[in-house]
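Below: one structure, written as structure tokens.
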């Protein structure tokens, strides 16, 4: 960390700043900058609240340092076990998670789950609690949908994942699902992150529409700080000026995340593009970029879906994508593109 | 609403679509477009889930219609009463809400509250539960801070506002504060919005970093749908590519919101710019743009604040801003710049 | 096109609008909307200046129609011939274009060109005129650099491409290069676009940092309108709030462009990410997304490059990327992911 | 400037780096960082090409330093004289520049010019060469429009400003106008910037849709480097995800620019919002933020304008805005909100 001191500070005052830092347990070295004296702080400052430094007399400001994510940065290099033999991440083959945006009925879900199974996808997704921009749109069947998900798991053997938006929903969902999802709209909901941090289930954490890579890693750190190390990061598009796509899928974030942490990284091309015609090509690209998996919305009759109809694909299209994924993953199976985590901030 | 039908649909099939719409209780009129037949739906479609239309056989897609915010768009043209004679919104003079980012101690809060009172500001803000990007930064004193806020209210007569991030915190805060704040990070937290919708207290709703004007209005609709009509909208900057400022303060959103709803609109120049040197000029600009008030972070020693030190101003600077606000508001007091709500979608 | 008429217009006035449209040579059909009467205009309105419609008495506004790019949308489905047997686009294998950001010296260029040739890349890039954000940074060797490029072409047989920023530079460059490049900063420079439209050489047109997909297509239309049909589109990242990467590479734009036009689409992962550690993974992803080629900055000693040192890769890394491209392209060679151009605006 | 050296460098190697910097004419001081050795370079590095430092053996990278705009940052604190007694900037009263987006005919321009004069605005704007996104839209009357502008100046006494997009147009325009305009689309057109830098006329430089504050200042430096110190900066909205407005008007940029340079700063609320209903409130806000002037599109029949019809206001509305500007400017006339330029980069 670099502290910029007040201009014109004398030698004894600078020495006092250095002493104060040493009292906090860190090493410090001062240097005269162009305009203001500078103090370098060395040692493990990552988990120290920054105001302890900024409040030292003589300190004008702290220079930007990288985010503080020691748990995220040092997590072990191993895949995460979900359930029924499905694993995600380092060393495991990329997998496809698929299912309807919303669980619309029991019959619809079970039929879709069978298609998902047949396609070669390895997990089932399905919305029970739906965060909708308009309060008048369909908001999901709630607990009933979770029960249908549990039935679909029994029927197909596919582990299931579903989104929760509150602590109350979290408690219900834990009884039915194999993986919890925190949606993009709740990535900054730190109370919810802390709550899933105390769960035993793996957590699929989606990047918020306005989240930097650093914000996403820090949200994962909230979860891991609670004791839950099974976090799967998900790139699902960020909000930009482009309107042709619903969001702008940031695939360079996949490669960046893979170099910053050993946590698995998957991609959601459905929300990432919002257009069914782009999902197959973006699925290919995501796997080629190094993603550990995909999460895709599928519907028997996409145009008739009760939510996100524009971005659902058919079971046939899903089958082709699963095949694409296998082909691309096969090309680079023994290729260490991302050898070890580097740091967000080298200085 | 405009429905685009499948290309090549015959007359009888189009008639069937029209009949189906009429069965749903709406009027419909068909027309042959360049490529696809079109059906116009008229009547109050605002609160009807859109999938009811998209699921009709023959319908290819719905053309974008405006957001569905009937409560937000039709709310009465009257100021909102907060407490102790303070009102916000249409017809009331613009007010300044000020206080520390975080409540750091009892002594600090009471002293700051006195400064806020003396400056001419009309409400006190103070953070008890702090949403911090890093889990290692100071996260607030919690309930204790709320108790100090209540003391400060007794001491100064200023109504108080504080942020809540969960339903649990909401229940505690309701005992101590006069206005609840939903922060930018929780604007998409629909469970929390629904919960404050059932409270009696006014709610200060901040625009999320990635929220369009339409998203913000729909978040307000969630609250109003619960029965709470006392919603104050707050522009606090959106996330853009510009890095000189922490966010990009979107003052045209103030004028836009004032023309779309009668709900009060205030501006947060502290988070909007993230720079103490820009807060006074942006405060002036916000009031000139038509804002009903400001919410500003103030600290006795800004550089030593435990959170957001770069954007806190001194009590002296606050006094100047309150004076600026009065001067500008005085210029245009009898000037109906925003006469009545218009609609997001004219068609 | 949809015209929204003034509210309350009578039948005879609406009929007058329809007549006026018919006098302009188009068919029109009126319908009563929810609030305002509507007129649908059918026929080929793509190249008609929109003010001819907006100026008709009774017309309140035009509803958004798609961009007007008839040449871009109808260009033939065939690869573009560059030189020396190199072709780009539909049906041709994806190629890699590589070379230094700036031509720094004759010796450096010739040595780099040999590396590029050996790697299996098919074209040589090299900056002669450099658009630099700061006027004090190295701005290129100009005409001398173009002469070195011509020598490198003779030595290696690789066709060469270089950027021009003005009509004066364009005239010089045409003597030395096989393909002209319009950089991101000049994509909106319509005078320059019109000028290259009158050249015979193929034009590599880069997307501006703030350009929508529609803006890019319309810029290509400017070139094609001048008579030059050999336009290659290039995605090179857009400006967003993310700062970890220099830009946000928008690979969904590749798939979108491929479905909107038959013009070749290539990707620049160097500027797209600004980070040498992300270029290989983004190269893979771009080809998997359907790109017809890549343009990559390579330098013998990346850290010592006179411009864009952070994003140059070594010749070794380039060789690996060329191999990756061949592998991925081989997987999907006979797979018609993008069968035919669709339209930006179906209505 | 801060140089980050290679990890593990020995003392003698570090000393060699320091010597090399001293040979370049700068002072240097080394310090051992957390991971890499660091060297601080002091002295006037602003106009030194950065590759001179990055090419020193042992240097891994340069840490971000502020933009290099010595001319922009040190320009004198005095208003710029335009013509006919009109001045812009420090110490002068804010002025309004108004006129049609495009000059449509002689009669139309002269009539509009009279309205502009009567409103109290001080300069006339009018488009002769129009940069249009679609090549099929009206692109202006060219030289003829400039001649009409010159006539309007004689008739009204108002100095005139018009946009140029190429060096050829520049040469023509210099005969007719009092101020040249570089539009947002050409802010990165460095050849054009250098060309207007050799002109004697004042230059109105608009911020590009994707330009940071730093990019804009560096574009101004290009002009000043040519010898022309009469640069007026113009905020006109940046491109963000918000679609309700055409662009997002960044008024905090006005205050930021005023603190970074003494160059005058004006605001274009017409392009900044793209909506006639928001122009008056944004005009007020811009002046309250400290802008030295406004540039506004006015049309006798806004809905019938040949370009940008949605954002033109009527002469009546213009008169109200001129009055607003005078009122707000009067409030703060003797108030030194922006006392002296500060620096983009304090270290």
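Here the chain labels run A, B, C and D in written order, and each chain numbers its own residues starting at 1.
Following the convention adopted for this analysis, contacts are C-beta pairs under 8 Å (C-beta built on N, C-alpha and C of every residue); 3 or more make two chains touch, one makes a residue touch a chain.
Quick caveat: nothing in here was measured; it's all calculated off a predicted structure.
Colleague: Where among C-D, B-C or A-C does the A-D interface show up again, with more than half of the contact pairs the same?
Modeller: That would be B-C, since it shares over half of the contact pairs of A-D.
Colleague: Write down the chain pair with more C-beta contact pairs when A-B is set against B-C.
Modeller: Taking the two pairs in turn, the one with more contacts turns out to be A-B.
Colleague: Averaging each chain's C-alpha atoms to get its centre, pick out the one most distant from subunit C.
Modeller: B
Colleague: Averaging only over C-alpha atoms, locate the centres of subunit B and subunit D and give their separation in whole Å.
Modeller: From the centre of subunit B to the centre of subunit D is 32 Å.
Colleague: Hey, how far is the Cα centre of subunit A from the one of subunit B, in Å?
Modeller: 27
Colleague: How big is the gap, in whole Å, between where the Cα atoms of subunit B centre and where those of subunit C centre?
Modeller: 39
Colleague: I need the residues of subunit A touching at least two other chains; which ones are they?
Modeller: Residue numbers touching two or more other chains: 210, 239-241, 243.
Colleague: Inside the complex, what are the residues of subunit A that reach subunit D?
Modeller: These residues of subunit A touch subunit D: 4, 29, 31-36, 38, 40, 42, 63, 239-241, 243, 346-347.
Colleague: For the complex, which residues does subunit B have touching subunit A?
Modeller: 46-51, 54-55, 59-61, 67-68, 131-138, 165-169, 185-186, 188-192, 208-210, 214-215, 218, 221-222, 225, 239, 303-307, 309-310
Colleague: Please name which positions on subunit B make contact with subunit D in the complex.
Modeller: 210, 212-214, 238, 240-245, 248-256, 258-259, 272-273, 275, 277-278, 280-282, 284-290, 324, 327-328, 331-332, 337-338, 342, 344
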